[in-house]
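Below, chain A partners chain B and then partners chain C, in two separate complexes.
For the complex of A and B:
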């Protein structure tokens, strides 16, 4: 049978790409660097960061919405990607500063002296001056870029192989991934972890070699890069879930034992999707943290990964655009509320200050979405589509515990 | 001026007649006159001989004089330079008493008198001197204070009075203390090496910190260099080879340099400085400055400077080795007697073994108490997650609610004991209510959908945490424990455990018994097991599954609340209290084996011992211990995916 091209099978890809292009163009025209200056540089950075969050949400949707693995570790992969690029940014930037100050000396410094001085500069805060072994490639952008993908990928591969091999599934797997995230965060919190303990890596917004370019331009370049990465990631994800591979993934989600009995190597499928999404998360992190300027172990804490699940759930899991909508909506609304921009509500006897009450609202709305609207915001799209479908009264698709209901499936 | 003149005059007169009178009448006054200059100078640095003279006089009134002096009650009569005890009558008049007899000498105008005002440093020195008198003081409290002061800073002079005071000691507790202190002082200060060695051997089975603190100074060493063999008169601890771990080569050479026995070996920095001083026209010895960016070119340039006679030559590595070979480096004991140091070393080694055993016991107790905390935090989960299969991420917040309930109760109920007794049932009630409400409002819609339950309860967890933050603020709230829980059960200086940890351990055992009783002996337990195994069948037998689920979930949450009170006593109460325990609690249940309380117990024990064990290897770093523990658990689950005690057959569910 002749297969139709990807975009024809999934018209939503074209719509999504068009909207993303429109958004990027709009931001560019309103930016300080290339347009009217209506949007401040810091807001452009916020939008750029949001695009990265959308990308990691797409990865989360692949692994949770399609393969049914509720990973509470994908934000750790995101953070690892950030650390990997952060190492290069910090090393090269410190090198520029150190070389500049040492050039004043009567005798020119040796290579070793420069490296020692960089070490003292970077690790002074944790009382060390030697470069740990993990910084071995920090002077090479290319190798660090490889590590952005390789480190999260390798960690996911090893962890996933161990977990899937011993048939850890469902909530047990979720708790195990959460434990992995906690272990990683606790490890990075140590001063002798080699990544500056809870100080983290800072000054990442200064790109080495681009010191003369104003931040307004740099922020736009990162926004374009983030948009491009999101577009590529979206298309890649759509391609992954569209073919036979995607069908098997959904089969695993709905009834893992049945797929195994049909002869599919379930563990390999799961390992594959787990590792690929970890790599995507790493790339998203590598684009996010230069815009945020600082990364520290608190970013990796288990709570962050759970928020990622919250975004995907609110946006609507099992559909890629749902993840994007969820991440963008919740993170932007979140920063609006916690940034103190939302007006306080005066009840007469008590004033609701949103800075304090936003998390409660988020938590409760999350409960409400889980119970009453499992399809999330993306489910609104189905209101149109559902009109043309037979009603099966929302019965479970499979006999297994936790099998998806009919209205959640077929996405 | 006049005063000094008078004083020295009086001193001169008296100094001539003093010796005879002192022996005859046993008066302290001549001694005071002898030391008058020092006493009036009243300086901490020079006063010691004066104090010693009084203390060593052997007179019975010496103690009174020292006490009078210390209390600033000693006055100098300017007319004749004599010292008296004075009592103030009014501003102008003082009543004087003889220091020897205590006789009332009548009133004197203040203008004729001068108060001796010892500063705090001098009073401290007097106190030390007084110790030997106070050791035999009739008041036991004074004796105790004197012993404590002597324990704080032991000195050689106190040894003889201490020995004399032992015989007349009536208080058995003080007697034991005195004997112990006498042994310690003998170890450190006795003139007779045999006596010291005997004392050291006697105390070599004692793990007390004070014994080790006495032994260590005996073994103090200094690193010294000898040209040729060290003299036999010195007590050598060990000889060191340069280049070994104990004595790095550079350090050994540096010792010779600072002793002036070897030429200095310039480091890279010093070479660099020398080069920088010799830059002429952008060149150093014919080498362009910009080429000096490697160590090799720098060395070449320096060698040329040496050849020109501008810079001092630097010894080569071979020369350094040759110099080092000429000398012998040795650690020399400050204590000259070899037999004493040998005995002290042997005693320390034997103590170290005992301390290690003690530490192992202590570590076991610590691990046990940590295990009981994990068990306490996890036992509620063992019901909701283990038996019912409901994954409740807000479980930690129930623990937090229990702890905050305890805090609120303490604000209203006076007295820690009463408030704890009120707080425990109240915490159970509050969290039971919260659990029931959560089950009714959220969880019952999500049975059979574990991932959704996880997410929904997580939403509740976020909301509850923020709510606690809004109500109680972000700062930690203290939960005061009753007096009878304060303090620790001290076995010796190494092994001790705080009562609160024992209480938590006991509470954990009580909960274990309670759980077993409820699950195996009550109707609720029977119905819970029935509903968990087969909900429809249970319903057919007339059990109301909704009610049973509600009650069971409430029970699990209520136990979490009580655990919260206990944990709140042990740690500070913050809104993040529960979050700290949730991952470990789930780990405990999963590692132990879901659905089996004995598994949870084993899981908690394993995690507790593991964490303490890892901490023992690297005591400074509890973060690393947690990291490695989690990694270990992840690997452990590879080998026993269903936990230590796995359910088999139909009960295993899927």
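For the complex of A and C:
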């Protein structure tokens, strides 16, 4: 029996990559920069950001849908990735401006004078002008790129090591991850955290060295980069879950104790998947925030990570394309409703304004999906593939809290 | 005869209840042993202690020729040292195929990195096929194990245990809920397995124990009440009083 290549065993990977390529090509042809101009630059940015959200949803699916760890803190890693790239963007951009204005002075400024001026520019809003120690590498793109994966990875490693070693599971772990993201957000809100407090980092859409390139072009480049990152992240994730490692992960999700008695060091597996997905989330964040233009601590509020779980649940957990569908669908619909584009519904006695009511609609759909369609939107694919549910007489696929329910599984 | 597992003077208390009371137990490297006893006699707790799930308050649990203490090891380390366990209710990974279940159990490196890069070799696949034939599931390899019948799941779990190549097999009520034919198959699987390794079977069903035809240990209130041939222990007055007489 010859072992077939990954894509032959999982045709969904090829279909996904083809659809993603088609989408990217379509957007390119309709963009202002390279096509007919049907899509506005701001909408191209929305689409590019959506691709980043899809990538972090894939990471969430790995950690929750496959390994059964309901982490409600992955948006903290996403935000950290954004902060890390934001530091370089802001530093270099400010340096360009400062150096430009100082060049006209009679005496050429010294290197130290420029750095001081950058500090005054960046930290003026929080009443400081000194560079905190965490900005030590802000002048090096390469080092900040390393930090994009290293900082979320290290935080996940330390947090995960402490949590998994003490065998914290289920709801307790979810609460701990919420506490982690809340603590991080509160810390960053402080002015002396060194990352400009609640002002956050701004002007990130201006890429240093590319100031002459119009935003319509830059937005397309970021969309391509986001699509490439999503494709790579998707293939990497599919590869991780395809082999025995995936078997062990799903085993941990459904019946952790049994995996342990087979001799697998469960904690190491959890720690590894937690850390790897945190790094993927960091990369997604680093691509997201230059498109958003601004990052502030509100981005990593606990609710953001809960949204992430809602996307994956609505898309269908335990299948990578489900996470992508869920993130894309819900975040696009969300920006439609909250962007004021959705027409208000006039009931005569009351007008439903979607900007206010969207969250309630989302909550109701989440409850409805959980109860009536546990396989989510991705479950529609099973209608075509004619996959059936196993007959387990209502029992879950394993005794653990994270185990798939009968209705979520396919034969 | 040398000992593979030596449990001596072990006690464990849960909230004031003495589940295991000064228990001592030995088994050799290729031996079949049945443990019987009424409910609450400490049979499952005994297995929990040996596999590292429960830490005893006092006593020693020594393993192998080098007499390593199992008390300092984690469940995973104990399993890697060569102790396999089958639970009372069949616990297989229901979401995964019979083949994946067996592949996961195969004795191979268990670390995350080596597993990540591990791909099934020809040898591993043929070993899985061989095991599947032994447990009578050769035509079910690609089926999801959640669909198997209760008896088939029990065999799959025994197959997974054999795949682990353990030196000691702990089997909790293997015949529970099985048809008479299935019981017979299970008996022969266990007897066969005990030729090359130690097998401890916890069982309620006297008829099943009789068919295993091996030395029997009777537990009562957390310690050993009697030990010997089945006919010998069933003739013991204390055993009749606490167990058989009911």
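The rule we apply is simple: the second predicted complex is superposed on the first by the 387 of 411 C-alpha atoms of A that agree within 3 Å, B and C clash if a C-alpha of one lies under 4 Å from a C-alpha of the other, contacts with A are read in each partner's own complex, and residues count from 1 in each chain.
Simple rule for what comes next: a contact is a pair of C-beta atoms (placed from the backbone, for glycine too) under 8 Å apart; a residue touches a chain by one contact, two chains touch by 3 or more.
Note that the structure is a prediction, hence the values are computed from the model and not measured.
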(message) Looking only at contacts as defined up top, I'd like to know whether chain B or chain C touches more of chain A.
(response) B
(message) One more residue to check, A:232. First (chain B), second (chain C), both or neither?
(response) neither
(message) For the complex, give me every residue of chain C touching chain A.
(response) 51, 53, 74-77, 79-80, 84-85, 87, 91, 93-96, 100, 103-105, 110-113, 115-116, 118-120, 122, 125, 144, 146-147, 160, 164
(request) Using the touch rule from the top, collect the residues of chain B that touch chain A in their complex. (result) 272, 275-276, 279, 289-290, 292-295, 298, 391, 442, 445-446, 448-452, 454-456, 458-467, 469-470, 579, 583, 586-587, 590, 621, 623-624, 626-627, 630-631, 633-635, 637-639, 641, 654
(request) In the complex, go through chain A and note every residue touching chain B. (result) 68, 70, 105-112, 159, 162-163, 165-168, 170-172, 174-176, 178-180, 182-184, 186-187, 189-190, 192, 302-303, 306, 309-310, 313, 356-357, 359-360, 362-367, 370-371, 374, 401-402
(message) So in the complex, the part of chain A that touches chain C is made up of which residues?
(response) 1, 3, 240, 243-245, 247-248, 250-251, 254-255, 257-258, 260-266, 268-269, 272, 390-392, 397-399, 404, 409, 411
